[in-house]
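The following blocks contain the structures, represented as structure tokens.
What follows is a pair of complexes built around subunit A, which joins subunit B in one and subunit C in the other.
Then we have the complex of A and B:
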């Protein structure tokens, strides 16, 4: 039932909203959550529990428990107590068969005796294979919610933010900290997970009249809004702490990654349930949850209530219930002796019975429904023990104000120490990381005025105004130890962890099995591993484990706390999925020519030009062999090595020898790592004594550049290394008519075979554009690589295409180039080599200089060659009649043993037969040897080793 | 991380190049010593000297970092440790036969 204003500070009564739950239509207001709107309609059963299908409802009303998980359209496991309602929202309960109200799987609980902790580990372990029989049944019964694999990836994104001071938690301590920090001229970000600032003061009662809290919040909020250097984020949850105060903050569909110089954790406390039989029935909730319903949503949480508490806060809850028109039947105060508390006096004056020194024995459910009907209390005779003089009190609401736990996850993520203190009867923050402070209730500072003072202190220190940082731990000297709040019942159902339906007996048994540490109990029983991650179970679980294991509670730590604090969606983690993409200077020309583009590293390259890939690629290959083709090779790396030590530097970095390389000549380069594995190749062009231009592979150029810089930081050779990749575009004009085309555009350099031979390099102007000409032959025809400034390369491409028209020039793509190079037997690093391939295995011994004392990998290659080759890369052909060609990575098999694999294979258009490269055993590597490949469907195919190149073995065509 | 060249920069702009180690002689070291150099890390929980690269400016430098606490003690240019030109000792005569060229 709804209460009149001023109750309901979050809802807008002028904005009705309707939604459905379990197929029935409900009315609420803007500002309501699903749970608050259902409660306003007197609907308390929201979901079913994980293991026993027990009815569950509101527990915390703050998203800190897993009792209200519902299915919203395609999205499972949404917390109904934090999900705002919107028009037309379709909500269903979860984890039942039939209907939420009459779940046909309720029988599971009858067998709870036979489903102890660890049941699955043991029951399905032996005999072997038994799990296969059970799996389908168990899978259908286990798990929460329904995953719809047709769900589309929604819109999520990320933002990056920076702050001098980040304050996590917008309660009074956090608000005070932000205000104080902002007095220095620094950027402050204040993060609050609720829609409004003020934290617990928005709903708790700190004075008899119940007016002080709201006035304080209003004043602080006004000051914050007036400050110019404070960014306020509400509905925003900080889900973790990462190194150097890197804080992910989830707000809506966005993850803000906030980097802060200083962080102040003012996340407050989480109220904790008491443990007794049937403590999970709908209608049993935390005192703070009832207060949230009343104050934030204007919902009367019941008709007749019992409040369980020890001392202070519970009496505030009782007064709030009275204000909301709830009949308070009794206050069950666990404390032995009454405290002199004004709120207690007010409750007493209102004529409400106070059962001092009583504990809770059990709750009784209504007949035929899950809701609480009465509670049985009895005098406490010792920790967890009750006298045999029970009192039964009828009620439809039981509020538990029986303990608190600091919300100290972020402190723990940052390796601060959080452990139990007997004096505080809960966890306390004992130390924090550098550049972090805690303030307010999370630090054990419960008194509002003192929490504000502590916030000021933290804010002033974080912004550099003082050096007086907030001290931790802060232990109360005047607070008496609070009573034990766990009352085990001989018939069980005394739940410690609601997520996993774990009872006192489950934890006791786990300890009896030998799991005597909370970390072990956690893994065996799954306690604190559920959706609420121990926020309402870790405290009671630790108390029980330590007690049963006979270990001290003082100083005991809970299980390791890891991010995220609250669940994050995969959408938040993946964001918009940006892919970095590089385009060459000629990209538009390729698209205009109808190219099918493909990814090569971060680059987009033309795969082929046209639509019918097979015939198009064939034609591109043949046009290079017969006429002339043009390919964009801008993605190759280009590095300028300049200085007196340039040749010496290359000698150390690459396997070949460069000291005596002539100016105007290119030489192959092959790079290995220190373990002797091939990492990159290209050519080194010597344009002067002290100037080499070195190319690198598309995927390897960044690593080559990095490696060169790294080593010269140690060697201190007199060279300068410049990465020209991207600054220079490049294209390869190849084919018997390439010289004819180039001669039309290049007049300052002679292109004749005598004056510009194969492996020559020249600086020239092509179509009046300054260029580096490299006469190299990856595709095995007369050809020239032209490297020119990116800014002019589109014009250069156009000029070459125009000049080549009369010779039949056509662009060709990466697919054709792969075939052309394979016909020549050229390897592609990282396709025909892997992370272990050394040059001798790849048939590259010719590229190793034996006169040099050092190059990367020299020592390792020497060591490996002592042990002999274990495999060798060879060329092979298949008979014409092989049918469906085997593919790359298909295995070479001999006598049932794997001896190698295919690294490249194509049907050669030029030779009109299948050709490829494969690793084989060294004794299979001689030409004419036959070896077997396991192809598609396990079919064995016989291949024949042949020498490479497959095409033009005497290399006459590239030297025309 | 404080980069000696660029000042304080976001950690995402850097990559770690591993501990600063000394390369054994590529000519006289044993196979075992070389394999140890290539494959083994000291992996000490202590303050160690590491190579770090500021990727966007291509600048390698040295950082002294505590591997257990991740605290960066000091960063400085590589020239503080490496300030003379490194030469490799020549190969002994018998292995200097002419390599074949293609």
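Then we have the complex of A and C:
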């Protein structure tokens, strides 16, 4: 039911909103969350629990539990207690069959005896084969929410931010810290996950009148807004701490990556539930949850309430309930003796019965289930023990103010110590990382005025005004031990971890099985592993584990706390998903020509030009063989190696010899790593004594460049290495008419066979564009690679296409090139070689210089040759009757043993038969030898070793 | 009206600029986008393509000495830039590398002059007008925009005028040089030319939040 103003500080009553939940329409206001709007409409059932499908509703009202997870449109697992409503929102429950209210899967609970902790480690496996029966069932029942893979990508992004002091937590301690730090004229960022500053003082009652808290908040907020050097971020959650105070902050669809010189953690505490039978029923919530509903959303959380507590905070809850018109039936105070607390006195004066020294035995659901109807309390006789004199109190609301633990995740992420203190009866921060402080309730400072003072101290120290940093731990001087808040029930359903449906017996049994440490219990039972990550279960879980294992609580730590503090979406982590794409200068010409583009590393390259790939590629191949084709080879690496030691440098880096390479000539380059394995190849073009231009493969050029820089940083040869890959576009004009085309555009250099022979290189102008001409022959035809400034290469491409029109020039793509080169027996690095292939295996011994004292991999190659070959790359053909051709990586089998595999295979358009390259055993490598390939469906196909090149074995065509 | 395809040398993103309705202005050997129909506000947030303007680079142990010996005021400190009297900008990228950007009116001959010379041993020219694209981001929101795609603190009070950052921007290795135009914040953004189209789109995407849009050379020159 909705309360009148001034209740509901976050809602705008002038802005109504309608949304649907489970197909029914609801009304709320701007500022409401889904859970608060449902509560205002007296709807308390929000979800079904993970294992037993128990009805669940509001517990924390702060997003610190998983009880309110709902499906919102296509998005699963949204927390209803923090999601603001908006017009037209469609919300559904999760994890049920039939309806949320009448979930047909709730019968699972009847079998809870057969589903003890860790049952899935034993079930489903025996007898053999039973998993096939279980799998379908488990897949349909397991998991939470529904993933719709057609979901449109949302717009998520990131932003960097910088601060001298970052204050995490906008309660009064954090606000004070920010104000104090700002006095030093430093940059301060204050991060608060709620929509408003003030923290718990926005809803808790620290004084009888209930006015002090808000007055403090208002005063501090006014000061903050007036400060010039404080950036305030609300609705912003710091989800982790990383090295050097790197803080990810989620706000809306953005992740802000904040780097701060100093961090002050003022994140307060998280209230904890008590453990008793049926403590998970809707209508049972934390005291602070009820206060949030009342003060922030103007919702009366029930009609008739019981408050369970110890200490003054719960009495503040009772007073707030009274103000909201709730009938407070009783306060169940776990403390043995009454405390002298003004709020307690006010509750007593209001005539509310206080059951001093009582604990909670059980909550009873109303008929039909789904909500609390009464609670059974009894006198406490010892830790977890109750007398047999129960009192039943009717209620539709049970508020628990029965413990707190510091929200100290960020401290733990930074390797600060957070461990249990008997004096505090909870976790305390015992140490923090350098450049970090804690302040306020998270540091155990409960008194508001003192928390503010501590905030000031932290701010002054963080901003360098003083050296007096806040000390940790802060332990209470004189306080009686807090009551035990766990009351195990012989019939169970006394939940410790709501997310995982884990009860007291489950943790006891885990310890009994030998898992006697919280880290082991966590992994075995999944306690604290659910969506709330232990925020409302870690404390009670540790208490139980230590108790059952006979270990001390003092100094005990919970399981390792890792980021994120609260759930992050994959969208937040990926942001805009920057993937730098590289396009050649001629890219648009390929697209305009109808090319099917393919990814080659970061590049886009044309695979073929057309739609019917098989016939298109065939035609492209034949056009190169018979006329002239043009291919964009810009993606291949290009490196200028310049300086007096250029040749020496190449001699060390590649296997071949370059010291005596003539100016105006190209020579093959083969690079190996220190293990002798081939890593890259290309050609080295000598344009002058001290000027080489070296090409590399598309995939290897960046690594080649890095390798060169790395090694020359050590050798210190007098050489400059410049990566020209992006600066020079390149195209290969190939085919018997290629010279005819080029002669139309290049008149300053003779292209005749005599004056520009095969493997020659020249500097020339082509279509008045300065270019490097390389007469190389990857595809085995007369051809020229033309490397020109990328800003001019589109014009160059156009000129070549225009000049070649009369000769039938056509562009050809990567697929055709792969066939053409295979017909010439040329290998492709990383296709016909793997991470271990050394030159001798690949038939590249001719590319190794015998006279150089050193090159990469030399010693390893020599050692391998001493051991002898274990495989050899050979050319092969298949008979025409082979049927469906085998593919790359199909195996070579002899007598049931693998002796090799296919690396390249194609039906050659030029030769009109299947050809390929394969690794075989050395004794299988002789020409005419027959070996067997295991093709599709295990069919064995006989292949015949043939010498390469398959096409034009005397190389006459490329040397025209 | 001038068209990029009237010249052999073309901006790496001329098609994207044309699609946005750019008008082009002829330079000596290329056409540059001079204005757009729905032009952004250069004082608030605008992005200009300056790739058709001349630039050159020199590497090697003698590169900076050689430049200094040819009337170029090379900065003393790495990762800083000097504005020459003729409006060209000399950027010291390392002890062994310099970059020279022409003045934006393309009136100075410094780049052309340097490119006609034959450097001494130990100084190697690099054709930066082909290896790099050259964009300019201007306006009061330029730092906010850059902080969405760059992890370096480029806010004016932390990144003085003529400071250089060689860093990753939108996951692309980029040289960022602050070079205010009059009283307006401005940053040259220079990176691998093959990713020009990708970077232009990524930058505009980051700019949208601040109503940032493409601007032409005219808007930049109007800033002073």
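In the analysis below, the second predicted complex is superposed on the first by the 863 of 960 C-alpha atoms of A that agree within 3 Å, B and C clash if a C-alpha of one lies under 4 Å from a C-alpha of the other, contacts with A are read in each partner's own complex, and residues count from 1 in each chain.
Basically, a contact is a pair of C-beta atoms (placed from the backbone, for glycine too) under 8 Å apart; a residue touches a chain by one contact, two chains touch by 3 or more.
Every value quoted in this text rests on a predicted model; they were computed, and no experiment measured them.
Student: Name the contact category of A:134: first (subunit B only), second (subunit C only), both, or neither.
Tutor: neither
Student: For A:792, is the partner it touches subunit B (first), subunit C (second), both, or none of the two (neither)?
Tutor: Only subunit C; A:792 stays clear of subunit B.
Student: I'd like to know which partner A:159 touches here: subunit B for first, subunit C for second, both or neither.
Tutor: The answer is second: A:159 touches subunit C but not subunit B.
Student: Report for A:849: first if it touches subunit B alone, second if subunit C alone, otherwise both or neither.
Tutor: Touch partner of A:849: subunit B, not subunit C.
Student: Once the shared chain is lined up, is A:584 touching subunit B (first), subunit C (second), both, or neither of them?
Tutor: second
Student: Let me check the overlay on chain A: which residues of subunit A are in contact with subunit B and also with subunit C?
Tutor: Shared contact residues on subunit A: 718, 723.
Student: Using the touch rule from the top, collect the residues of subunit B that touch subunit A in their complex.
Tutor: 10-11, 17, 26-27, 29, 31, 34-35, 37-39, 51, 53, 58-60, 70, 78-79, 82-86, 88-91, 95-102
Student: Please give the residue numbers of subunit A that touch subunit C in the complex, ascending.
Tutor: Residues 157-162, 257, 576, 578-585, 588, 603, 634, 640, 642-644, 718, 720, 722-728, 767-769, 789-792, 794-796 of subunit A touch subunit C in their complex.
Student: Looking at the complex, which residues from subunit A come into contact with subunit B?
Tutor: 243-244, 259, 652, 657, 668, 674-675, 705-706, 709-710, 713-718, 723, 845-854, 858-860, 863, 866
Student: Touching residues of subunit C toward subunit A in the complex: what are they?
Tutor: Contacts found on subunit C: 5, 7-12, 15, 30, 51, 59-60, 121-122, 124, 126-127, 129-132, 147-151, 153, 155, 158, 170-172, 192-195, 197-199, 202, 205-206.
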